[in-house]
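So, here's a batch of structures to check.
Two complexes, one shared chain (subunit A), two partners (subunit B, subunit C).
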Partner chain A sequence: MLADIITPDLFASALRMATPLALAAIGGTICERSGVVNIALEGIMLCGAFAGVAVTLAVGNAWVGVLAAIAAGVAIAAIHAFTSINLRSDQVVSGTAINILALGLTGFLMEILYGHPGTTEAVETIKPIFRFASERGGGGFLAEVWHWVNTILFSHTPIVYMAIIIAIAMQWAMYNTRWGLHLRALGEHPRAVDTVGVSVLRGRWVAVLISGALAGLAGANLTLEQVGSFTENMTNGRGFIALAANIFGRWTPVGSYGASLLFGFADALQIKLQIFRGEINIPPQFFLMLPYILTVIVLAGVVGRSVGPAAVGKPYEKG
Partner chain B sequence: MNSKTIRVLSVLLALILLVAFVPGCAKKTDTGTGTSDGTTPPKSTVKAAMVTDVGGLGDKSFNDGAYSGLQRAEKELGVEIKVLESKEITDYESNIDQLATAGFTPIFAVGFLMTDTVSKMATAFPDTQFGGVDEFFDPVPANVVGLNFKEEEGSYLAGVVAGLATKDSFDSKLNADNVIGFVGGMDIPLIQKFEAGFIAGAKSVNPDVKVISLYAGNFTDQAKGKELGYSLIEQKADVIYAAAGQVGLGTVEACKDKGALFIGVDVDQYETVANSGDVMLTSMIKRVDNAVFETIKAVVDGSFPGGTIKVFGLAEEGVGLAPFHDFESKVPQAIKDAVEKARTDIIAGTITVPTAP
Partner chain C sequence: MPLLELREITKVFPGVLANDRVSMRLERGEIVALLGENGAGKSTLMNVVYGLLTADGGEVLVDDAPVKIKSPRHAIDLGIGMVHQHFMLVEPLTVTENIVLGREPGRFGIIDFATARERVREISERYGLKVDPDAKIVDLSVGMQQRVEILKALYQGARVLILDEPTAVLTPQEVTELFKVVRSLVDEGLSAVFITHKLEEVVAIADRILVMRDGKVVGETTPSATDEIGLARMMVGRDVVLRIEKGASTCGDTVLAVEDVHVDDDRGLEAVKGITFSVCGGEILAIAGVDGNGQRELVESIVGLRRPKGGRIELKGKDITHANARASIEAGVSHIPEDRHRRGLVLEFDIAENIILGDHRTPPVAKNGIMHPKAITEVARKRIADYDIRTPSERVHAENLSGGNQQKVVVAREIGRNPELLVAAQPTRGLDVGAIEFVHKQIIRERDAGKAVLLVSLELEEVLSLADRILVIYEGRIVKEFAVADADAETLGYFMTGGGGSKIDKGAVPSVPETSATGGDE
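Here is the complex of A and B:
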């Protein structure tokens, strides 16, 4: 029984499911580190997912679709940046409005472009980078090891690897570059940043746009790598889980990735556990709850108190 | 920026949001009376409408099925039709209220989840006739007809195909292991009917077959559907039947990716899911369109079967199996014969299909 649960695909599946969460969570990290709350991640991801498919359907190249998804993410994030930074509106309200807007906008555009809401036509998904044969030579222990390594590490699509690289690169940038220092200061003490002559507005704008790009990329991963078509509201709350992952990861990129991986793993595990539903007679709802229970536990602070940036959610007023 | 510009911009932005949001939850109106072939359709004073479930139009499944029944009624019976889409579960009541107030009758509420709302609205609008697709009432209000399907019977046939196919090797995607899979949307009695029928059908022709059932917990998350598909295929399942709405589209992707055969649901998914011909073995079809059309026709004829539950099974051709399409020549005659035998036996009543696993 255990051998059917702990399989190579369990870990590969965790990585796949963690990817959209992680990209959005890292976006959330950067945004919140600059002092702007971004609960619009869900909506931005949805718009990215839609733009990716729509452009791929139009031009026939999924990589152009990925770029479009990033661009759409940036565009939607710009609305959030404008309302919350320039207009100094409540960032939670602005984010909520964007989530609702995204849901309506994608459905509306589907109606205009394809004449029906629901699900778009399918596009060719982006294939995994490596295509090694899973069975290699002779059988025995080595072949088994290869099967595990190949499935867990080499069976993925490009954005899955990109997410890992982005997590590490952002972590490095946040703690080793001038930009990173400014970013962290923006969220802790924006007035100090202003005093040394760095624009708070500009710094926050850049951070919000980066989070938009990452959430857009997360959407592209969902549609162009995982499923190949867009369905209304297909993000299914991933943007909110990503926010939790960001908090659990203590507002650091690598931490966000790790937390997303944990959520992805919980989700992958519940699927494998369901296989034995017939034998242990537990309703599937119980397994489906697992990732969410984990979220609640994390947010309730069992894992340890997480303290966010001091100035997060507070609009900055010069003067 | 001074405060006046900011105020103007805020109002502008709010307006943009409003304009963008409104069409998203707007209704789809179709009041055209002309038909494509230029003939004038018969006139009728009946105004029929439907409220979709959250899957909405374009689900390539039962909402679209109900809509095509409505369209057929418009064309053949000359009734006026209208569709309101539910984006959230909370839209059910306001949508029905809106249609009933506007004088539409019959109103079709598509989907199991709308059962309670229909019961409530039937009391609020006693002069409006309601058709509840996939909804069961006890007792049935006098102005409501429940349109139910014996999904288990159609799924039984799908199970017969899967149970025999997994033992066979007519396609390279079929392996030597005696395992098949089922993907469900939510674990509710309606979906359990699909699961139960599928398992019973498979076991009837292949008693040792192992059927693994996985549930997604919703009907929209395609990425989850793909992961469920991967897990089933890792467990050596080579034929997968999905009764999970759009979740099933993700499972199709998994089948294409890792090489397994897929059995579609509700409509002939060979026709609706692009590039799926090499994995789409067949589909269990549910003729929601016929049920909706027949009900409207009854209203036009003045014989609305209110207060009853109409059940559409194999005998009524309310459920059935789609053609094998690309697999037509590959599927051995023995499988086709077994399906025919099961169909005849179910209609004759010699086989009773279970409705819960």
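Here is the complex of A and C:
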């Protein structure tokens, strides 16, 4: 049975499941590094998911849908940026409000646009980039290896690869560019950044908008690459798991990606185990809990107390 | 031609005229000291120059040309650098990253760290300010961090270096080092504005002294034309008694009796190794010692913040050995803690709330567990008036007060409660002469009212001017007792540094019959 569970599929599926988490987690990393808590990732992802499907249904091109998802993410993030940076309101309250707003807004638009709640019509999903034949050269060990490699690495849709590239690129940028240095300083000691003449306001706005774009893209991945339709509240807590992944990854993009992989794996395993429901006598709800239990353990700090940016969550006031 | 000139700078905060038509000049290669009490408006003036605040009136001239400095960036471009009272360093970042922040070398937004490090090394060598460019700020001592701040200003091309109370956080050795650094920078052609409220520093470093009081410049002088007493008078606006006069003490009943107390520190090591003494009403007993010899643990065990692991503490015959802070307050112990920010005040609370803390369970402030805002306001206003706390209203947050006024809030609360015993731990730390005088007077007033006072201080000057009796603490033991008349700074210093050996001094005759001071547990 173990051989039925531990298959190349499982790992490929882990990578797929990790993608929306990772994109949102990296967004969370960038946002928190700038000093703004973004608890709204969940809602932003949901709006991105909806916008992606709605626009694809309207224009018939999934890539236009992806752009729409990103734009929607940026737009919702702008609300968070405005309230928490300009109005200096409590960032957790603002984020929570946006999450509630996103639930209501997407449900409302479902009714307006499609006349019913629940799930939209299906769209054609974005196809995997590579299509190599999985069986090659008449069996044997090499063929088996190829089968694993092909399934795990080359069976994915574009955004899955994009997430990996984004993780690496953001990591590099954070430690090698001016933008990155300013970002790392912003969340620790905004006044220090201000006194050397770098705008705190602008730095934080940019960071929040980037996190919106990434969470929007995460939503697009969910609907346009994985599911093929939008269902109300389909993000189902992924935005919060992404925040946990960000903490677990110690507020770095690559770390966030790695932590997301772990959560993705838990999710993939959970699905896989449900197939064997008959043989393993454990209720399926238990497996469904797995990723969340993992989140709780991570957040409870079993993995070592990690300390976030010093000034995170604190509005910055000049003078 | 002055490098920097301020003409009639005025800055108003809600309810406070922080700068009132202040003018000053700074010539090339000159150190001007800005001397003034806490709240005199020194930082405000320099924040205007550095572009952090916008003046409500007046003119700033750099190289004789009027400029409107709108941002720190602009100030930096004009060659003005500032080392702030609270450092502007990002702790998890490296020395190099902090120094180049905002002006990183490189192209297309990519930082050229090799060049950055090279430039940091270059400046650090040129001015003789050694630092490790790759060290993280968190790992550096405060003195080292300040050096990074100075390097940052130099990297940014400062010709004028503003240092805002740079010595407040330094050890005496680091202060000496800083003075040398500032001197050598000025020899290299820079100019400096040195902000402080410490008289001896001004005399030691300044070429010219500008004294501020209540937002105005009240005098200009040079070190050779004045002395500390003259400066103190200018700064406070009246004659200041640097060493206070007090009458003889009359010893009443024993108020505090500490018997063979043993206390552990945070790491579980024994910090107080069997201390016995008592304090009577109408007496100030001072415990003198170098920092870290068990004073903190001893004080905390008396006021109920730390549990002694052995011995007995009595207040007027009542056992308070294991009392917690609340029971200790109810028994009549007041405590002026050594760190007013961490233990003395809730900085986010307003003055009224801070000034009734600890009295918040008892009438008139509270009845049957419910607090009465009107009563709080009344008590607060009375204490604010009695203790001369300078504030526009009792609703100002504690964090917005100057250090001296913050300490007055703590003193007002602790003495206003009318305790049997006042435990004052370093009650004048970081205060200017005017505030020191005030706090000292309050402590003596308590004594004269027949209360017992336990003073713990690192400042010998303070111990000698306040105490009736002095115990010297060394490595958790009392090694010597003096009547104040028999003590002088030199002898105290000798015993404080372990000069007498950590033996019990059996020869010292206690000045008060029923009290004795012994230490050790042989």
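One rule holds in what follows: the second predicted complex is superposed on the first by the 315 of 319 C-alpha atoms of A that agree within 3 Å, B and C clash if a C-alpha of one lies under 4 Å from a C-alpha of the other, contacts with A are read in each partner's own complex, and residues count from 1 in each chain.
Note that contacts are C-beta pairs under 8 Å (C-beta built on N, C-alpha and C of every residue); 3 or more make two chains touch, one makes a residue touch a chain.
All values derive from a computational prediction rather than experimental measurement.
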Have a look at subunit B and subunit C on subunit A after the superposition and call it: clash or fit. fit
For A:A185, using the defined touch cut-off, is the partner it touches subunit B, subunit C, both, or neither? Pick first, second, both or neither. second
Which partner reaches more residues of subunit A, subunit B or subunit C? B
Looking at A:N176 after the superposition, I want to know if it touches subunit B, subunit C, both of them or none. Which is it: first, second, both, neither? second
What angle, in steps of 10 degrees, lies at subunit A between subunit B and subunit C when each chain is taken as its C-alpha centre? 130
Based on the superposed arrangement, let me know which partner A:D194 touches: subunit B (first), subunit C (second), both, or neither? second
Upon superposition of the two complexes, what minimum C-alpha distance (Å) separates subunit B from subunit C? 14
Subunit A residues where the subunit B and subunit C footprints coincide none
For the complex, give me every residue of subunit A touching subunit B. 4, 7, 9, 13, 16-17, 20, 79, 82-83, 86-87, 89, 97, 100-101, 103-108, 110-111, 114, 116-119, 121-122, 124-125, 222, 226-229, 231-234, 236, 267-268, 271-272, 274-275, 277-278, 283-285, 288
Which bits of subunit A are touching subunit C when the two form their complex? 176-179, 181-182, 184-185, 188-189, 191-198, 310, 319
Touching residues of subunit B toward subunit A in the complex: what are they? 1, 6, 9-10, 13, 17, 20-26, 55-60, 63-64, 85, 87, 184, 187, 212-215, 217-218, 220-228, 230-231, 234-235, 246, 249-250, 253, 273-276
Per the contact definition, I'd like the list of subunit C residues that touch subunit A in the complex. 47, 50, 52-53, 71-74, 76, 82, 84, 88-93, 97-98, 101-104, 106, 109-111, 113, 152, 156
